[in-house]
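Labels run A, B, C and D following the written order; every chain starts at residue 1.
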Amino acid sequence: MTRTRMEAFSDGVIAILITIMVLELRPPHGTSLADLGPLLPKLLSYLLSFTFLAIYWNNHHHLLHAVDRVNGRVLWANVHLLFWLSLTPFVTAWMGEHHAAPVPVAVYGAVLFLSAVAYYLLVQALLGLHGPKSRLARALGSGRKEKASLAAYAAAIPLAFVERWIAVGIYVAVAIAWWVPDLRIERTLERE
Amino acid sequence: MTRTRMEAFSDGVIAILITIMVLELRPPHGTSLADLGPLLPKLLSYLLSFTFLAIYWNNHHHLLHAVDRVNGRVLWANVHLLFWLSLTPFVTAWMGEHHAAPVPVAVYGAVLFLSAVAYYLLVQALLGLHGPKSRLARALGSGRKEKASLAAYAAAIPLAFVERWIAVGIYVAVAIAWWVPDLRIERTLERE
Amino acid sequence: MTRTRMEAFSDGVIAILITIMVLELRPPHGTSLADLGPLLPKLLSYLLSFTFLAIYWNNHHHLLHAVDRVNGRVLWANVHLLFWLSLTPFVTAWMGEHHAAPVPVAVYGAVLFLSAVAYYLLVQALLGLHGPKSRLARALGSGRKEKASLAAYAAAIPLAFVERWIAVGIYVAVAIAWWVPDLRIERTLERE
Amino acid sequence: MTRTRMEAFSDGVIAILITIMVLELRPPHGTSLADLGPLLPKLLSYLLSFTFLAIYWNNHHHLLHAVDRVNGRVLWANVHLLFWLSLTPFVTAWMGEHHAAPVPVAVYGAVLFLSAVAYYLLVQALLGLHGPKSRLARALGSGRKEKASLAAYAAAIPLAFVERWIAVGIYVAVAIAWWVPDLRIERTLERE
């Protein structure tokens, strides 16, 4: 039961986050197609964050699939992850309003980085509870993709000050790399 | 379990979308009945979008009723559908604020069209997984209603520039045609 | 399954409605206790609507408890109820901002009235499906409380133009009368 | 079933509350790191309230774990708790906007106090239903932590007028004391 409620709560928070971001897309005052132009950076910013939150929902979903039980540490690691994710609408709005100025782009990357760290800590809390020989541990494998994403975010933050589009490009690349759901877990479970 | 969480997440997002649209209905500054007058286009715009989202919720609900399992492709097709639906509050507000000016009416139709395309892709992803002889395939039938809706939206978008009320009339007609829930699936399931 | 999803969707929409109303309570610009004074009508307006939505959630919950199955008509009757409930934040804000001026008080009553009509139609749709000898029909009894509430709202709307506080008093009285959950259903179920 | 829906509704409301607070964090107009400075009090205020709501979610979750059934009184005690929790975004915004001025800090404490009273009343309603020898009663133990928190909030409210940082310090201390989830219930249940 505990796992089910943790899932339902996380799904609820992520569903709300993904949806309230659209409140930032204020309709333009004019009524021509050209009036939509200035909204484009906001829309792309929204699309990127929508994708990241969908990836988190998707991976969180697959992760808990292989989980047998949760404890207090897991619950708090999960809330910690939700906290960083909850800052997504804020940094999305900041980046979208200022045509990707360097500092907002870097701060956006920092929130991505800290969310990824929180996800990593959640995985560690679950591994600590289930042990290295559990179905979960086998399903997760080496965690290479998670580590590569962390490294990419860490690189993107300073690069935002050099050339912001490199940083944005890194975010897009990481999003595409995760687009495919966490097939490792799916496959391991199917084999059993 | 996966299907259940996908349902819960989709229900959550649609419930939030349908509800946050009401935040656009700002109370008037005056306190006479006449002050409600200028809100009428917004209210009707809200009513139309509320109906469309309720139809999607309803059909999505019936669709998943006949589904046995989901995979990564289905999850992403579902998130893709939620993305287009999530733009509904934005286009609803734009159309409602400008008494149905041509461009907002056309863009509203474009979001309806792209949502319908995304729904079609979700159906295809499910059919690809379940096969042409599955209970789902029999339940869905020819998909005539879906294709007719797509054609109607595609026609409404250019017509909005000729006479916007024709386009709005098409949206209303499609909504009424879908008002009755997807009885085909219900009937096929009952017969079994 | 269908009933479960209808419940979950309704719970979701009501939970969101009850919560987004609090977004109307903007913090005052000053920092003294006196600055909270002008917020009092808004807070009381919020409290009244919170109570009404909680009553609907509660009764909806008890109603579905005795339901065995749903069909398309029930699903649409339910969406219709949610539509009227979704206008609650709008009329709450209007009434709260204008210290209960006559028209906002009457319009508030109209939304209460139409929500009650929609609830009545939902009950009828469920009774039509389950038959007059069903557990549901026995549990619901004569529906006197529902009819009395409808009559009270219908009386309050014109009275708002005579003396608005009589109308507000009627709303409060109806809320108190419903405060106790729908014990009739609870008792009938317990006896079985 | 009733307990499940009450849980789902409560989870929904708390998930929405925890998330809409982030809407108060409006992105700054400038694009330098220094522009984030004035947001710091708001961010810390958000972090504190996020933690409190997460604690309530967590404890509510553990509390219902040991519950066998609910009745009308429990449902209303639960809604009463949700009402006070729903005022959290309002007081969080007020405290955050005014760098923790005395009155907002005291009012913040009052909402914490009344939420804690409501939680206590919910526990009493559940104990009244399950009896003093129930699994729930054993799991809850003496309720020392709850009483100590109540006393701490009651002390913090007047202290906010003497030195506001003492009051804020008390809130932070209580949050840390609750950070560890309600292990008493977990342990008692494990022993059985």
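FYI, a residue touches a chain if its C-beta (ideal position, glycine included) is under 8 Å from a C-beta of that chain, and two chains touch if they have at least 3 such contacts.
The structure presented is a predicted model; accordingly, all values stated were derived computationally and were not measured.
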**OP:** State which chains count as neighbours of chain B and simultaneously of chain C.
**Re:** none
**OP:** Using the touch definition from the top, list the chains contacting both chain A and chain D.
**Re:** none
**OP:** Since chain C and chain D are copies that touch, just let me know if over half of their interface numbering is common to both, same, or not, different.
**Re:** different
Original post:
If you average the CA atoms of chain C and of chain D, how many Å lie between those two points?
Top reply: 26
Subject >> Euclidean distance of C-alpha centroids - chain B vs chain D, Å >> reply: 37
**OP:** Name the residues of chain D that each touch 2 or more other chains.
**Re:** 8, 12, 16, 20, 23
Original post:
Chain contact graph: line, ring, star, complete or other?
Top reply: ring
Subject >> Pairwise chain contacts, counting only pairs that touch as defined >> reply: A-B, A-D, B-C, C-D
Original post:
Which residues of chain B touch chain A in the complex?
Top reply: 1-2, 5, 8-9, 12-13, 16-17, 20, 23, 71-72, 75-76, 79, 82-83, 86-87, 89-91, 93-94, 97-98, 101-104, 107
Subject >> Residue ranges of chain D touching chain A (in the complex, touch as defined) >> reply: 7-8, 11-12, 14-16, 18-20, 22-23, 25-28, 31-33, 35-36, 47, 50, 54, 57-58, 61, 65, 179-181, 183, 186
